[in-house]
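Here chain A shows up in two complexes: once beside chain B, once beside chain C.
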Partner chain A sequence: MNWENILEFARGPFFQVALLVFVAGMAYRLVRVLALGWKPDRVKAKGSRVGGVAVSFLKGIIIWPFVPWVKNTFSRNPVIYLAGGLFHLGLFVVIFLGTAHMLVWKSLLGIGWFTLPLPIVDWLAAGAIVAMIALFINRLVNPVLKLLTGPAEWLNWLIVFLPMVTGYIMTHHLWLEYDTLFALHMLAVDVLLIWIPMSRISHFMFYFFAKAIHGSDFGKRAVTP
Partner chain B sequence: MEKSQTAVNTFVKETGAWIAAQLEACTRCGMCAEACHFYQGTGNPEYAPVWKIELLRRAYEQRFTLSGKFKLALGLEKAVTDADLTHWSEIDYYACTMCNKCSMVCPMGINLGSMIHDVRTGLSNAQAVPADLHAAVEKQENEGSPLGVTDAVFKQRIEWVADEWEIELPVDVKGADTLVVFSSIEVMKFPSNLAAIAKIMNAAGEKWTISTKGREVVNFGFYEGNEELTVLFASRVFDAAKELGVKRVMVTECGHAYDALRWSAANFMQVPAGIEVTHIAGVLGEFVKSGRIKLKPGAYDNDGAITFHDACKIQRRGSHIQEPRDILNILAPKSFKEMTPNKEEAICCGGGGGVIAIKDADPIRYAAFELKIDQIKKANAKTVAMVCSNCRLQFTDSVQHFNLDVKVAGLSQMVADALVEK
Partner chain C sequence: MPDETIGQHLKRQGISRRDFVKMCGVLVGAMGLRYAPPLDESGLPAHLENVRGFTSAAFIADTLASKPRVPVIWLEFQDCAGCSEALTRSQDPTLVDLVLNTITIEYHETLSAAAGFQAEQAKQDAMKKYAGKYVLVVEGSIPTDNDGVYCTIGGRTAVDLLKEAAAGAAAIIATGNCASFGGIPKAKPNPTGAKGVWELITDKPVVNIPGCPAIPEATTGTIANFIVFGALPQLDSLHRPLTFYGHTIHDRCLRRAFYEAGKFAESFDDEGAKQGWCLYKLGCKGPTTYNSCATIKWDQGLSFPIQSGHPCLGCSEPNFWDGGGFYQGQSAPLDRPTITAVGAAAAAGAVIGVGVAAANRMQKTSAKVEKGG
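Here is the complex of A and B:
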């Protein structure tokens, strides 16, 4: 077995299995939560619940975390805002607006889209990697994070970090053979896909629920979320 | 049954999809800590809001999720024990005013405040409530008020206020429009507030009444998270309102009662139809705007800077953000100064949520108040106005504790003193 075979396996059958586990796992998680039942809020609203939800998402997507409107908290823990923001920005740009990844999406979905020039994607990828290291250190030293962090959190960090760092090294043709790095990158991606539904990395799905609940509660009370 | 089992059963029962989705959305990033005045004041990481819902999370995951069951089986995480209840009782009752500022900071928007209330319900069912808080709850159950305002005391207090301030306080008037329900903090500690509010209602020509049956607006059951008593205490108010046939119930300078009666009651009990619940802050705004009362412009402009403290349940959770400011801009257009942060992002007083009723919580309550002191100093304020008696109690007590040269004022009192006779 050589790296070429491993690459074939990692981008072929293993990738398909990983995708399946990812989709099925997330669907299971979603159903498991929704099956617990939703209690309607019977309180008469003063403001608009829908409006609150809209503002909540708008603030979440457009403003946070680049313009930290919550006074006091930004200055008290800037690392988590800046590194957290940069990490997510870099991740989204690389996954959706990097040409190589767009082509993967195109092969999966059948449609392609506009991508950003490589240097921009590359710098953001580097930024995301640096941000992840900052978040790692932050988790080690921040007293609250020390309390909250267990094996699951470290594992999450590692499993997200590996695809990023292998992808970066691969793009820059550093140290190892291209095929070797490509295989390692694909293996890391496969592991990530399988791991997401089993971990808190799945927060991106529940984000929409939490933000909507938040916006609706504030909207009901006629307070800006 | 073990206490911990009772608590876990409550958590499981309370965990609908809306709770589960929020627990699942949490990334354990710890940002909420920086919003919490108790964490900021003390630096104790256990006061991070996310840590306050730890028991709820564990109960949920171990019961409903594969990863939770897996972690439990591997011994990576423990089941909830009786010792945990004792430990978290201090965290959740001593160090949380349910002000919900954390939810504004959470990148996921998780409504931590209401989930901490759910944790309290579990602790309440398992009888893991701080003794002095629970004693106050029992007192309200048996005497009608956590501060010992029995029927006789209430009657005597009302008569005394009417006499002392030469003011008319209509009692049990059927067919009145507005039922005014005071908190016993006002009745016992700030009685001039009763006179002030009566004066304002009379001046506005409002058809109002107080009730001898629904005479206590505070709801210590709500603080404790005791579902049964929360309903009982709220029913006393709603039953009185129904009996008197009023159109609306007005909560006086009390925050959590407004949250309970206006924003939560319909979700835990049958609320009588056609009776609106409103707050004195909103009513003052309405009276001034419609010209039903007239205020002396600039009445407080010669007494140093005045700032306004936003109460978590009345402003951030109750939306009466603008009315007090409109009023202060009439009363003190030159000397009204905002603290930073303010309005929905304001820092809580540190005494709400039942915290001030717990003696052992005094040190952290004062520690949280130091954030307020810093704000007041930065605004260079000589007077702090507010519309919540619980905040006012915390301010009065803490100002004395820290020996500060700051005047603490209820907005109703300021309005009543600046009324222009028509």
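Here is the complex of A and C:
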């Protein structure tokens, strides 16, 4: 078994299985959340549910990146807040607007879109990696976070970190051969795909649920925050 | 007349020393002599050590002229003779010519004037006469399934012929992707069990010069290196000479600036293609392909595929034939689940989810009933 075969495996059958596990796992999680059901809410409506949802999302979009100082998660520790933001920004730009990754979407979905110049993607990737290291250190030193961080959280961090660094090293052709790095990158990505539904990384879907449900409840009671 | 020195042979051919030194200048460049082997491996006298730093064309010319011409046995198995074609038709008046003047081809199935048992006999004689001295060049992959019956010459299998010829060889060079890594015959489902030379000959160093075809200058440059230094050039982990395979196509590509700037041709006839933009989105495998097409180029340095508007296929890498579509991005997955499979996975996940949720609810209800009752 050499790196050639490992790469072929990780780009081929393993990727296929990982993707199917991801789809099945997310469907499972989604159904479980939906099946929790809503408790009948007999309070008389004072406001609009739809309006509440809209406000909730709009605030997420506007306050979060543009006027974060109104939130106390920001004022309490701006560096960590920004690190979280930088990490997600870098992640999304890399995954959707990096040329290599767009071609993955294109091969899966059949449609492609514009991509950003490499240096921009690359700097954001570097930023995301630095941000992840900052978040890691924060978890190590912050006494409260340290208590909250169990093995699952450390694994979350590691499993997201590995594709990031292997991708970055590969783009810069450092240390190992490109094919070896490609194989490592793909293995890391496949593991991530399988891990997501079983872990809190599934927040990329449930985050929107949480926003929608809270927004809707607040809207109904006309207490939109 | 293989026993005369290279110098004597050149004289007989009417090649002047002046022209010869000029050819050697090209050779020095092509061999990239920064990879010159250590002195004790090179077989040169010790007082020449200081010359090696700036190996001059004249020095190489003198070294070459004093050596006997090297006998070469060239075997073809599951091949298309494309590598031989590329070599003999390359019009390069200097390097390839030079090397063809420094070797004697004792056996070559495509070029041989003799045929049948006479040719086989000539090969046997040459192998005996030059035992331990000849260079074995192999072109084409070797079938191994069903006792190797898929390729036989004179009633003997390729595996058998290869092992026989390899036993007496001073050096073995696999030219082209087929002889190096199995090439097209090895493409899925590999019906003949095709293998590259280095998978079968493990007791001797095998130099791989992959490509489809191999760049003639890379084949001849490697032979020249062997003649001048009496040693093989420095190799990478896939046994390819670093001189020719030390960089990716992408590293030296003339479209690289467009790659960096994110300017890509989206189809073969769009504006980007006309402007000479990067071919990555059209499936270019340049970033993962180690070869010197972008520097040595083809047809006397005229052009190479990417320069002419076609993405690199990655033909100097193992299994390039099965590395995803030629026109699909090099990052695209090799296997994609079908829509049905994705649907089935989603349905399976949902059904299990509903089942578990229902089971939980039943448990809860029965717990309530128990409590209430």
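Going forward, the second predicted complex is superposed on the first by the 213 of 225 C-alpha atoms of A that agree within 3 Å, B and C clash if a C-alpha of one lies under 4 Å from a C-alpha of the other, contacts with A are read in each partner's own complex, and residues count from 1 in each chain.
The criterion applied here is as follows: contacts are C-beta pairs under 8 Å (C-beta built on N, C-alpha and C of every residue); 3 or more make two chains touch, one makes a residue touch a chain.
The structure displayed is predicted, hence computed values, not measured ones.
Bringing the complexes onto one copy of chain A puts chain B beside chain C with no clash.
By the touch criterion stated above, A:V144 is placed in contact with chain B alone, chain C being left untouched. By the touch criterion defined above, A:S202 reaches chain B but does not reach chain C.
Touch criterion not met for A:L58: it reaches neither chain B nor chain C. When both complexes are overlaid on chain A, the residue A:R32 reaches chain B and chain C alike.
If you count the residues of chain A touched by chain B and by chain C, you find the higher number for B.
Contacts of A:L155 after superposition on the shared chain: neither chain B nor chain C is touched.
Shared-chain residue A:P117: touches chain C; no touch with chain B. Superposition on the common chain A brings chain B within a closest Cα-Cα distance of 7 Å of chain C. Judged by the document's definition of touching, chain A residues 29, 32, 35-36 lie at the interface with chain B and also at the interface with chain C.
Of all the residues in chain B, the ones that touch chain A in their complex are 15-22, 24-31, 33-35, 39-40, 43, 45-46, 48, 50-51, 64-67, 71, 76-77, 103-111, 114, 262-267, 315-319, 321, 340-341, 344-345, 347. In the complex of the two chains, the chain A residues touching chain B come out as 29, 32-39, 41-44, 46-47, 56, 60, 64-65, 70-73, 76-77, 80-81, 84, 142-153, 198-200, 202-203, 205-207, 209-211, 213-215, 217, 220-225. In the complex of the two chains, the chain A residues touching chain C come out as 4, 8, 11-13, 15-16, 19-21, 23-32, 35-36, 99-101, 103-104, 106-108, 112, 115-120, 173, 177-179, 182.
If you check the complex, the residues on chain C that touch chain A are 237, 248, 259-262, 264, 280-281, 287-288, 317-319, 322, 324, 328-337, 341-342, 345-350, 352-354, 356-358, 361.
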